[in-house]
């Protein structure tokens, strides 16, 4: 009753790797995963709805509503050394501790149904100040991923103890108990705005690990365009609000949004 | 256990259209739907109670308590081109994200049981300042409703992205998955007080779409009377509070009330 | 799993009247119901525990812990015109809207199991200032109780609309649907401290309705003693805290405690 | 669905005593129980995960994630007069009242499965100021523990009424209903920082009651080392944050952490 999964197809996959990019700090993980889904022309195969998602809907520019949801995409390996991939992306995480936990269980159920035994979760790590050349930080649920990350310049060892809030961390924790191992890749970001530059840094590590090549130029361009569009829209909307008032705006994909 | 539905009758309806008017910003949706129920002499056929409703009851002027509830009414088409109607109105929405989601499921279950495949949800859109000639904004869960709304002067396309909080938006989202399509009509309103004028603007659009004629004069009159009554009651009550103290007042129907 | 009821005996009762006195504003209902339980030497027959109660326990002066619980007592009528009585008293209400709703369902289940078809719920009505001669306010779930209350000086009709928060109101609402009718009696009280004087006013109305006589002097005395004890304890404790520090104090029965 | 228990072995135990040391004020209970587990070389036999735990994971210095969990250890008596012991320790309590209640039920289920009929829960009692020679306070769920505690200098009787928040109190309350009796030992502590000195005071009482001898010197040493390490780490981390920014730190075991 709390979760509803609708499959639109059931692809045959060989040991796919799960990639998670739900909304979080700086939208780093969401931007990265979505870019990869688009570049690889990954195919949607399932939608997940939940009573634990926020109790609202989004109105798009067209006037169509967009429901709160998570979506699953797959991509089939094209050459030796690559793995099939499953992506989970969407416009929200759950609104309660228990909702988050059960959401992770559902995501892992689906990943496991298609044979996934490995995962990478993507997110941002807020540092409270502008970052020009974002580092990528990593955390793992199996030691074998430490050298894989460190070879690619990811900062894994740290002074002191940290925390990963939300699905990106909980998937590692709950996945470990099912034998699904992997890492969380966190792009350094200010935490104040949407950060495609940080997403690019995360993607460079991820694609290197996966042996997949995707163009980053489109990401950079899309980011610039989006930034410009957001700015223009903000101006227009501010004007419109002065003229006639308007509904509370939902931050667009290109603006920062943090789901706690 | 969380929801209890009591049917007092089971009407035979032909493809009824669901109209939702639960409490929200400026009570716009609630006032509009209640006025329509009264003008059409729609008949009550079910009550819905829920453990997810707020944990209190209302004391009416008579000393009788009023339970927190939603109520269902029906109306049968009287001429060609009209549809049978189901109304859901009441004094509350749920208190939690999950409660809101499950409430929508229940409402849609009931609408579907009687054959509904279309819906209009009614609400207010707070703009933070007084509005003399309220616009009506719209959001849809199927593109075929966009021209239907725009022909009647409803603002559907927008700059930027918006949000509908609560049942009015979630019914569109959850209804879409069941093949129940329609629109949310939102009357422009300040958001600071109950706004029958905004309700009237919404009703003009809705009745035009439904091909139903109802007198708006009674709404205007009722509104004026109510406003006067509220003012008098407020004066009396303030005096009474000074004289002898009194319980915390529940905003009346004619005062603003926002259920988040 | 959320509620556990332990019966220590199952009395035979004839159409008992349910009396509720759980903690609330000024502890008015709790003091009133407890006094009546003691004066009538009512007998305990059940305890109710719940996962929805607050996640702590009370430490008594003896060092024994007191669990969060509700308790049921019964009393058998001693003369014509009296009814058997069931009391529900305790040290807490639930912590969530849903918990409150389900708690009321449990209480009504138990009352109904023993044949109750009538109830009186007891509480305080906070007026924000000291009250010397507290009025008693009433709300009913069946009009037949209005004259019964008004004959005894209870204020039933009001200017404007009020609200009863918590179990005292919800029992009326949920009881009505089961055919258990009655009233909520609310003693006028400041809302700032425990108010046995208000409890006395409520008890005078209630005992008159029930045709039961109990001594109020003991209540007045107990109240005075308690007030003195509280003051002394507060002094001692403050001294002790200065001397060596001490745990956070739980307001005692004779101090104000409000469970939202 | 809300709780998952994984047994790694099922030891044969004779009437074990349950010792609880989950995180709380000043980490007093956690430090005490963990020290005892280490000194006695108690063996892990079960892990408990829950959807009611906080929705995050901890990143350790190595880059490995640590899941939110409770763990069960056992120790077998080595001489006459000793009891077998079961320890429950971990890095969290639940996030909701209902979660806390159900967590206690699970812990008691496990303790009972292995025959436990006695328990000691360990915690801190915050007094808001530095404490050099911490007193130990006690609360019991059966009067027979009062002399056992008082003989060892524990303060059991008190002026006024107190409260134990969380699992340490609820286990006593819920255990009592199953016939599992015992006491909560609370070490006096400031409440502002992690307090191994208070943990030592609690352990001295507990080991005396259980007839078990463990070295306290290692605790003192570990505490000093940890304090030094924490200080150094804090310096380094502060420097690192200035240099390049870093994730929000999770308080380490040796820093104060309060789970409400």
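Order of writing sets the chain letters: A, B, C and D. Residues in each chain are counted from 1.
Assume contacts are C-beta pairs under 8 Å (C-beta built on N, C-alpha and C of every residue); 3 or more make two chains touch, one makes a residue touch a chain.
Since this is a predicted model, take the numbers as computed values, not measurements.
Asks: Go ahead and align chain A to its copy chain D using Cα positions, then give the rotation in degrees, nearest 5.
Replies: Best-fit rotation on C-alpha atoms: 90 degrees.
Asks: How many angstrom lie between the centres of chain B and chain C, each centre taken as the mean Cα position?
Replies: 37
Asks: Could you give the separation in Å between the centres of chain B and chain D, each centre being the mean of its C-alpha atoms?
Replies: 52
Asks: Find every residue in chain B that makes contact with two or more other chains and list them.
Replies: Residue numbers touching two or more other chains: 96.
Asks: State which pairs of chains touch, listing all of them.
Replies: Every pair of chains meeting the touch criterion: A-B, A-D, B-C, C-D.
Asks: Would you pull the chain C residues touching chain B in the complex into a rising list?
Replies: 97-98, 100-102, 125-129, 131, 135, 137-141, 143, 146, 149, 156-166, 169-170, 172-174, 176-177, 184, 186, 188
Asks: State the interface residues of chain A toward chain B in the complex, per the touch definition above.
Replies: 1-2, 4, 6, 49-65, 67-68, 95-96, 99, 233-234, 236-237, 240-241, 244-252
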